[in-house]
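Across the two complexes that follow, subunit A remains constant while its partner is subunit B and subsequently subunit C.
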Partner chain A sequence: FSSSGYRINSDGKPAKFQPPPKPVIIDKQKQREERRFLSPEFIPPRGRTDPLKFYIERKDMIQRRKVFNIPEFYVGSVLAVTTADPYANEKSNRFVGICIQRGGKGLGATFVLRNVIEDQGVEICYELYNPRIQAIEVLKLEKRLDDNLMYLRDALPEYSTFDMNMKPVSRLDSEEIPVNKLQVRMKPKPWSKRWERPKYNIKGIKFELPEKKMKEAQKWSQPWLEFDMLREYDTSKIEEKIWKEVSEALQK
Partner chain B sequence: SITGACRAIQKLTRVRVVDNSALGNTPYHRPPKCIHVYNKTGVGKVGDTILLAIKGEKKKALIVGHKMPGPTMTPRFDSNNVVLIEDNGNPIGTRIKTPIPYILRRREGEFSKVLAIACNFV
Partner chain C sequence: MLTHDHVFGLVWEFLLTFEYTAFRRRERGPEPSFRGSTESFQRRTRRRRKPAEAPPTVAGLGAAGPWAKSGGRGGPGPCRSPGVTAGPAAPSPRRRLWSPPSPPFGEASGCSLLAAPGKFACAKAPPLERGQLGFVVRHINSTTWWHEHLSEENVQFLKKTTAEEYKAQTDSKLCPLKDEPWPLNEWKPDSIRVGVVAVKLGMMPIWTKSGKKHAVTLLKVQDCHVLRYVSKEESGGKTSKLLVGGKNASPFSKSESAMEIFKEAGPRKQKVTTFNVTDDAIIKPGTPLYAAHFRPGQFVDVTAKTIGKGFQGVMKRWGFKGQPATHGQTKTHRRPGAISTNKAAKVYRGKKMPGKMGNIYRTSFGLKVWRINTKHDIIYVNGSVPGHTNCLVKVKDSKLPTYKDCNKNPPFPTFFADGDEKLPEDLYDEEIFQFTDPSVTYA
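Let's turn to the complex of A and B:
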C-alpha cells in the first residue's frame, strides 16, 4: 500500500514518488577537530633523551586524563581548583585565580594561579597531574598578549583580584579563543624584574616611563637572537604525531 | 636605596605584622625587623617562631607566610607575614584578616589559639 498512487500531477496523471530533501547535518565534531589544542606539557623538550621515556610518560598522562578531565586553558584564563587537603575543613580546599605561568613538561607540568585576597597577593603553584587535585574548572577562558604574566606582581592589585565565588563565564563552542588586549598599569618602580627590557618582550604593560628610560632599556636588546639557527626548535611535526597519538588514545 | 624584600625570613628581614594588635599597627619610624630565628638553620619558614624588634621592644612572633616559593600546592604570599605571640604561644591580637595557609593546621597543638583567631584560610 502506498499513498503515492493518490498524488495527481498537474496533467491529471499519477505523479512519481519524489523523496523528501535530505537534511543538512552540520557536524560540530568536525568543526571542533579543526581547532586542535595540544596541552604544552605533551611536547618533549629539545635534547638527546630517548623518546621512549617521553612515550612512557605520555601513556601515564593519557591514563590520568581518562580518569580526570583536565580542561583546555591558557595563560591568562581564570581557573578554580579544588584540592584534597587533610588539614582543611571538609578536607577540600578551593582556590580561584588567574593563570600566570605554565611550566614543566610531562607529568611534572605545573601552573601558577594568582589572586589577591584581603589586600594580600597569594600565588599557588599546582601540579596538573597531582592526584590530590579533585576538580579544575575554567571560569573564564581567554588568552593574553604574553605567555608569562609574572609582571602582575608589580602591577596594581586590581588586575589580579578575582572574586572567589565568581560564576563561570559562558561562551559558545565557537572557533576562536578571545585574546584580551589589556594593557596593565604598573606600580611605581622598583619592580621585581626590569620588565621594560626587550629580553622579556612584554606587550601587555602600559609603560608610563619617560622616553629616555625606554630608549636606555633598548640598549640590552639582542636583535641577533631571533636569527640564531642553533636555537631553533621546530615542533610542528612532533606536535602532529603526538596529537594523533593522544586523540586516538583518549577517544578509546 | 633599600634592598628588595627578603624571600624567606632570617635575621634583619623586615616583616609585616598581620594581626590587629596595637603593637603591630601603631606607626613607628622603623619597620619591625627579625633579630633571631628559633631554628637550627637561621632561615625561618611558615610555622617557625622568630624574635622581632618592634618599637624598641623584643617580641616573639609566628611566621604565617613568606615570599619564598615553598613546596608545590602551598601558597606563596607577596609579603612576609607574621603574627605577634607571647612566650607561651598566646597571640596578642584578636583577629587575623589576611589569609593563612592550611599547613599550619598540622601543628594544631601549639598554634590552636592563633588558628582560632584567623578568619581566612588559603
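Let's turn to the complex of A and C:
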C-alpha cells in the first residue's frame, strides 16, 4: 500500500512520484587520497642546477623511504626519534621533542626537536635520511601558526616541555590537520632575536610589549617585499610532477 | 744621420740573426726540493718572454690608425698661443712614446734601414685574414650572430643537417671494439691511461656503513669522446698525448680554423683537454668514454677553472688580517700595510698584492670515488671540486704515490660499452651505505 497515488498537486491534478533525493556519501578514503602531502625536502630550490641531479637524489630518497617509514609531520608536532648510538646502553637513544624547524633540501634535509629536560633546554638536529635513525614516531600531529618556532627559546619553559614517555595522541586519518592557535607568552626581554620585528612575521607570540615598542618595530617593515616579482617562486606545477613521481614509486 | 733608434734596431736585428732563440732553449736545472723552496718560487714566478715580442722601434707602421694624424708630437708638448696653429705638417724626428709592435722582423727592420732619417716608413702589412688585423688597433665591434643574415628556413635546415651529420658520425664510432680496433694491451703498474671530461652537477651527502657522513660531488660524463691521437714525436714531449673533448656545443659560433680539429672527430666540444698517456694506453679517435672508466674505491685528481671573483683586495685574495676597525685607524681597514723591509730596498717579485682572483685552473688531488651510476654516467667523488655548478672538469687517475695500490687493475685502456662486460646500473664502494639496506645498528 502506498499513498503516493492519492497525492494531489497544487494544481489539482494527481502528482507524479518523486523519488527521495540520493544521500550524499562522504567517502573518507577518497578525501584522504585527495589530501596530498609532499614532504618539503622534495621540492628543489630555485637555481641553475641540472634537474637530473635532483632526479638522482629523489631516487635515493624514495629508496630510503621504501625501507624506512618517514611519517608526515609539520613544524609544531611532537615527535619521538630513536637513533643508534654506539656509546649508549643498549646502543640506542630515544628523544622526544617538538619540531621547531625543518630545513635543507634533498638527502640532507634536517629537523630540529626541542624539549626541556630537568630545567635545561635541549635541541637536537636530526637528518631525515641518516641511516642511524631507527624509528620516527609522531606523538601529536598538529600545525602551528608559524613555520619556524625558534622563538620557543625565549618563551617560558612550560611551552617547550614534553613528557619523555608521552603517549601518542590518536587521530582519525580523514580529519584535517589541526592548527594550534596557541599564543605563547615570552620571558622578559632581551631575547635572542627581536621577534617583534615584521621580518620574522610571527603570529604565535602574545606580545606584552608597550604600544610604542610595537610601533617602533614596524619601522623595519619592508612592505614592497610581497610584491617583488623576482622573489616569486611558484612551486605548484613542480610539486604536482614530483608528487606523481613519488607516489607512483612508493606504491610499487 | 744615424740616431740611437737606428743603432738599437741594428743591434736587435744582429742578435736575432745570431740565433738568439737558441739562447732561450737551455736545459732545465735540477728539480726544486719542495714547493716552498726559493728555487721553486723563482721558477713559478719567472717572467716569460715570447720570441715574437720586440721593443718598440721607430719604424713602426705609420700607415693607418689615428696616431698618424697627431704628427708625431709624442707627448704633451708646450702650449701654443691660440693664434699660432701647428698644422699636421711633416712629422718631426722626435721619437713617439708608443708605437704598435711590429710583425715579421725582416720587413720592419729592412724598412728602417731604407728609410731616410726623420721619415716614417710604411712597413708591408702581412696578408690580412678575415677577422684579423695586421697590427693592434682599437676594437672594431661588428658582432653578428651566426644566423643574423640567414632566412628562417635556412636556419632550420642548417640546424637539422648538422645534427643529423653529427649523429651519423658519432654512431659510426659507437662500436670501437667491433670495427678496426687498435691493439688492446694489459695494464702494467707503469702505464698511465686516459682521463675523462665531466660536468659538475652538484653535491650530496652519503653515509658509510659505520654511520659517518661524507659530502660527495656528482660529476656527469656527457658526450666524452677521444678527438685525436698525437704521437710522442709529433708533440715533442716525453709521452704521447690524447685529445679528449667534453660536452657537445653548437658549431656555428666559431671560425673555420677553430672547427678544423673537429672535422673528422664529430660535433664541436665545449672543452678539449690533453692527457699524457703511455703508448700502451692509446685509444682510437672517436671512441666514446664513459663513467665506468673509473671504479669505486679508486682515487682521482680533478682539475677545473675556479670560480672567478674578479679584482679582489688583499684580505680576500691572500687572507691578510687587515687593520682594526677603530682605535684611530685613518682610512686603513683592509689594506696590506707594509710591503717590504728597509734593508731590501725593493719589493720582491711575487709579492702578495690585490689583483684578479679566481678563474684559474686548480686541481684537487686524491679524491675517492664512492659510487658510479652507469645508466646516467655519473661519478660520485669525495669532497669538493674546483669550479661552479655545470662547469666542465678534467678527471684523471691520481698521481699521488699513496694511492698507487688502490688504482690497480683499472679497465684498460678504457671501458668499452659494446664489449663483453655488462655492468649493473649502480656500482658502490664496499663501505658505502646503500639505501636498500635496513638502518645501521651497533651490535
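We adopt the following convention: the second predicted complex is superposed on the first by the 222 of 252 C-alpha atoms of A that agree within 3 Å, B and C clash if a C-alpha of one lies under 4 Å from a C-alpha of the other, contacts with A are read in each partner's own complex, and residues count from 1 in each chain.
Just so it is clear, a contact is a pair of C-beta atoms (placed from the backbone, for glycine too) under 8 Å apart; a residue touches a chain by one contact, two chains touch by 3 or more.
None of the values given here were measured: they were computed from a predicted structure.
Because the two structures share subunit A, they can be overlaid on it, and in that overlay subunit B and subunit C fit beside each other without clashing. Of the two partner chains placed by superposition, subunit B and subunit C are both touched by A:D85.
When both complexes are overlaid on chain A, the residue A:P190 reaches subunit B alone and has no touch with subunit C. In the superposed pair of complexes, A:E211 makes contact with neither subunit B nor subunit C. In the superposition on chain A, contact is made by A:R48 with subunit C only, not with subunit B. Contacts of A:R132 after superposition: both subunit B and subunit C are touched. Looking at the shared chain after the overlay, A:E158 reaches neither subunit B nor subunit C. In the superposition on chain A, A:I117 makes contact with subunit B only, while subunit C stays out of contact range.
When the two structures are aligned on the shared chain, A:E175 is found in touch with neither subunit B nor subunit C. Once both structures are fitted on chain A, no C-alpha atom of subunit B lies closer than 10 Å to one of subunit C. In the superposition on the C-alpha atoms of chain A, the part of subunit A touched by subunit B in one complex and by subunit C in the other spans residues 85, 127, 130, 132.
The residues of subunit A lying in touch with subunit C in their complex are 47-50, 52-53, 56-57, 60, 63-64, 67-68, 84-86, 91-92, 106-108, 127, 129-134. By the touch criterion stated above, subunit A contacts subunit B in their complex at residues 83, 85, 87-88, 93, 95, 110, 117-127, 130, 132, 153, 190, 192.
Taken together, the subunit B residues at the contact with subunit A in this complex read 1, 4, 65, 69, 72-79, 81, 97-99, 102-106, 120-122.
Within the complex, the subunit C residues that touch subunit A are 199, 201-202, 204-205, 207, 211, 213, 218, 220, 373, 376, 378, 389-390, 433, 435-443.
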